[in-house]
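Paired with chain B in one complex and with chain C in the other, chain A is shared by the two complexes that follow.
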Partner chain A sequence: MSLKVNDLVTEFATRRGVVEALHGISFEVGENEVVGIVGESGSGKSTVVRSVIRLLVPPGRVASGTVEFAGRPLLELRESELRAIRGKDIGFIAQNPFSALNPVLRLEKQFANIAKAHGVKADDGARRRAVDLLAATGVSDPERVIRGYAHELSGGMAQRVVIAMALYLNPRLVIADEPTTALDLTVQRQVLDTLRRLTVESGRSMLIVTHDLGVVNAYCQRVLVMYKGSIVEQGRVAEVFTAPQHPYTASLLSSASPPIEPAEAEVVPSQPLEVATWPSSK
Partner chain B sequence: MAIIEVNDLRKTFQTPQGRKVLAVDGVSFSVEAGECLGIIGESGSGKSTLGRLLLRLHEADSGSILLDGQDIRALVPRALRKQRRHWQIVFQEPFASLNPRLSIQQIVEEPLIVAGTYGSRTERRERVARTLEEVGLSAEFLDRRPANLSGGQQQRVGIARSLVTDPSIVVLDEPTASLDLTIRASILRMLGDLQRARGLTYLFISHDIETVRNFCSRVAVMHHGRFVEVGTARDVLEDPQQPYTQRLMAAAMPPLPFAASVGTMSTQAGNS
Partner chain C sequence: MIRYIASRLAIAVGLLLGLMTLSFGLVSLLPGDPAVALLGEYATPADIARIHGELGLDKPLWERYVEYIGRTISGDLGHSFFTGSSVSQELWTRLPNTLVYLVPGLILALLLGLAMGTFAAYRSGRLPDKTFTAGVSVLMAMPEFVLALLLLFVFYQQLHIAPAPLGMLSSSDIPPPKVTGSVVLDAVIAGKWKVFGSIFSRAVLPIVTMGLFFAAPFGKTVRTGLLQILHSPQIEFARACGLRPFQVYRYALSDVRAALMTYMVLLFAAALSGAAIVESVFSWPGIGGWSLDGVLKGDMPVIQGFVFVMGATSLLGYVVLDTLITLLDPRARAVAIRGRSSRSSLDTPSLDTPIPHQ
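For the complex of A and B:
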């Protein structure tokens, strides 16, 4: 088992007192598995993933529950131990890409800093991998982009830079919070194919938050449906989507618009680009 | 009558390394009052830059922009500031566009204060609360900071801020990208109602072709800073002439499996 979350309760201290945001969340992400989280805006999806990797925005606080990653109790580790895991063993793609980027450092420097923070030498191979990852997520002219700054990026470019950073050190688990909201369908596919190839197809796993049921359907094996701070339904995607047990899931499915009919054009399959494996695949 | 008239607009960015990026390359178009023009195009094609140029949040290199018949590029800062309330924008990056130090109340109220024409503090407060309610956010959010909101809630604050002054033109840059389907539908319904009731004009930037098809009467397709195809939503999206447009639409996901029991729910809710 890659990730095991048990009875997680998270609360926010507000002026009106303590508000419980998660009411006892339990789920698992297995090896080689992609698990999706869907649910209404404000239902607690980001709070779940931020609780798991201990990046809650204050005044958020995990009140009880356990999180086990590769056999280690994440909620009990020291902050320094956790920092060693985040970015290396767990790659995190935040919902808001620009908040994850440093405005005053060139992107290449930011990639190098990730490596250094985990005791990996930022050599030529390191740079190659960063450029390859950008190319594999469909960023055109990555050599040029990586020499620039965050403010020069369009919304969709920033999103892909953050994805490349999360994949950079070959994490065992990728946690992605709405990773493709700024991407058109073609690029979205390419990015998700790349994520899949570098995680599940390489013996790793992924937890992905999305409001796009099509993405869940095409890329996830299992899905968790959240509603008002609880998981109201979880199971295999095909089962949940054909026979939803909870009214919220049903309403979600019924509001999904019919699929777009592909225009009569050649569907160019996204080319799997070579990504330098560096420092080394585990 | 055209409420937006843009002619041969250009914008080049100069990076610190001295590199030049031609982000908008000679774009011309007009939008009738009460109309919605959708803008689609691949990532980096210049859509957000165009939206910002239109409201002079970037200075164009050349070209002309008439909004409500006024040459916006010629307005002095003070006049521009006064007109702002008629021309608003919802930014693509919800969080980055909200001042982290201000409360939601202060953020949504700010355009009213800038406009200077919206009466007393109580009147403004009421108006802010009402606008937030229209985007589905209750009064409990008024005192919170942006960081204490979910992504979709932040996005709706941005929408409320753009509508609070009763504008005539709104640039919507991926306004529903962070919203789940149900809330997305209700926001689009609200925007559509406003458009009909007040004759609002929208520039609707989105990569969500399905939404553009339903929401916009006309569509422009952007590629490398230019419009490569403009026409009615039906013509452009049903029968795209440009290979580029066809490509943009060709990657639809496989259809969802049909939900057999929708509408006849059992009540076995709870954690499984």
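For the complex of A and C:
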């Protein structure tokens, strides 16, 4: 078992007292499994992933529960021990690449900083690996991109850079917080296909937060449906989508446009796009 | 890049001209006749006319204006009505004296503010943060001279560590040979490190006064800026990548950098024009006491010269600041150099734009 979360309670201290944001969440992400978390805004999806790798900043805090990753209790580790896991064994993909990347550092420097933080020498080999990874995520001209800054990229390209950073040190688990929400529709699919290719097809597990049921249907094996800080339903995607047990899941499914066809939804095979043949829009 | 810097300089020159006009206009339009101030209230009209003639005040305003601009550009700021000494020479002698405590004072303030603000931001909402907020309020409410007197009381009167507040040199110090006229510069040029050390030991209390007084705004800026960025997705991602805390702090600090630099220049300008207070407490022979004297007497050339040089120094500071901030930020730099957004240069043709309908 890759990740095992048990009875996780997260709360936020506000002026009017403590508000419980997660009311005892339990779930697992198996080896080489893609699990989706769906739910409306404010249901606590993002809080779950932040609680798991302890990214919450005050006033938020995990009040109780356990998180086990590869046999290690994440919530009990010292901050320095956890830091060694973040970025190395667990990769994190942020929602908006432009607000996640450092705007004033060259991308190669940011890759190097990640390597150094985990005791990896930032030498030519490490740099080449970053360039190769960028190429693998579909960044065109990665040699040039890595020498530049985040603001010089398009949204899709920048998100590929973020993915490359998350995968840089070969993590076993990738946590993606709405990885395509900030992107144009046409790019979303390409990025998700890339993500799948680089995670599941490479033997990694992935926990993906999304509000897009289509994404869950096409990319995940299991799904957690969240509502007001609790998991109201979880199971295999096909089962949950065909026969939702909870009324909230049912209403979520019926509000999807176009309605999600259960069972074997068509999955378009990933196809590298021939960029050069595209007419320029400029 | 050179073109960008040149354009900044051109703007600076234009502003300098404006500043000259302003310093001339403000002072010339002020009420009060320097001749009356010089001769006293019972002067005869003939005497006043004579003085007006000597000082060039009988000429029409525009003629005096043209003359003033011409002289200022050639570096001559006129002579004091009262002492007859050259304003440029006075400034040249006194400005280094002021800078010798002001610049280290501001650097000390920056370091103190950085330390306090960082500590408060990382312990936000807890005791250290609350202590910081209270401390800042106290520091901000305390006038400079009270702070200076307090320091003198503790370190001179009670502990006898600090030297007496009697200026830059003690009577036993032999002044260095005169080269530039400024004791500080001359000491450095002559290699008289003992004299320089003596000056510095006397400057410690003014430096600490400045450091403490200006640490509060720096600390506030650091705290506010860090609190904001520490909750940002950028820092969250940096932490999620497992970067070391110090590296994360450096990422965060690069976001606060521009605000700090702006504050530095703002406070430098403020401290320079407010130097009179600290200098009168420590009997420091800087520009502060001298300019205050000029203002109180209505010594027009002194006021004009002071206003102009302070304005020009601040202006120069702002130009350097503006250029630095632009060049340090790759986003602004790209725009400044190419005169347009650099986006699209690295963009692949249309990965992010919808596929056009055929």
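The working rule: the second predicted complex is superposed on the first by the 247 of 282 C-alpha atoms of A that agree within 3 Å, B and C clash if a C-alpha of one lies under 4 Å from a C-alpha of the other, contacts with A are read in each partner's own complex, and residues count from 1 in each chain.
Rule of thumb we're sticking to: contacts are C-beta pairs under 8 Å (C-beta built on N, C-alpha and C of every residue); 3 or more make two chains touch, one makes a residue touch a chain.
The shown structure was predicted, so the numbers you read here are calculated from the model rather than taken from an experiment.
Colleague: Of chain B and chain C, which one contacts the greater number of residues in chain A?
Modeller: Higher number of touched chain A residues: B.
Colleague: With the two structures laid over each other on chain A, which partner does A:Arg197 touch: chain B (first), chain C (second), both, or neither?
Modeller: After superposition on chain A, A:Arg197 lies in contact with neither partner.
Colleague: Of the partners chain B and chain C, which touch A:Thr242 in the superposed model: first, second, both, neither?
Modeller: A:Thr242: touches chain B, not chain C.
Colleague: Looking at the overlay, does A:Leu101 come into contact with chain B only (first), chain C only (second), both, or neither?
Modeller: second
Colleague: Could you tell me if A:Lys228 is touching chain B, chain C, both of them or neither one (first, second, both, neither)?
Modeller: Once the two structures are laid over each other on A, A:Lys228 reaches no partner at all.
Colleague: Counting only touches as set out at the top, which of chain B and chain C does A:Gly156 meet: first, second, both, neither?
Modeller: It touches chain B and chain C both.
Colleague: Just to be sure I read the superposition right, which of the two partners does A:Asp184 touch: chain B = first, chain C = second, or both, or neither?
Modeller: Both partners, chain B and chain C.
Colleague: Quick one: is A:Lys109 in contact with chain B, with chain C, with both, or with neither? Answer first, second, both or neither.
Modeller: neither
Colleague: Look at A:Leu253 in the shared chain and tell me whether it touches chain B only, chain C only, both, or neither; answer first, second, both or neither.
Modeller: Only chain B is touched by A:Leu253; chain C is not.
Colleague: Give one of first, second, both or neither to describe whether A:Phe92 is in contact with chain B, with chain C, with both, or with none.
Modeller: The second partner, chain C, only.
Colleague: Between chain B and chain C, which residues of chain A are contacted by each of them?
Modeller: Residues 57, 59, 95-96, 99, 140, 144, 148-149, 152, 154-157, 183-187, which sit in both footprints.
Colleague: Report the residues of chain A in contact with chain B in the complex, numbered from low to high.
Modeller: These residues of chain A touch chain B: 12, 14-16, 24-26, 38-42, 45-47, 57, 59, 95-96, 98-99, 138, 140, 144, 147-149, 152, 154-157, 160, 177-178, 181-189, 211, 213-215, 217-218, 230-235, 238, 241-247, 250-268.
Colleague: Using the touch definition from the top, list the residues of chain A that touch chain C in their complex.
Modeller: Spelled out, the residues of chain A in touch with chain C are 50, 53, 55, 57-59, 83-88, 92, 94-96, 99-105, 113-114, 117-118, 140-141, 144-145, 148-149, 151-157, 162, 165-166, 183-187, 190, 273, 275-276, 278-282.
Colleague: Sort out for me which residues of chain C touch chain A in the complex.
Modeller: 124-125, 230-234, 236-245, 247, 251, 254, 328-331, 334, 342-356
Colleague: Show me the residue ranges of chain B that touch chain A in the complex, using the header's touch definition.
Modeller: Residues in contact with chain A: 13, 15-17, 19, 21, 40-44, 48, 92-96, 140, 143-144, 147-148, 150-153, 156, 174, 177-185, 207, 209-210, 214, 240, 243, 245-263, 265-272.
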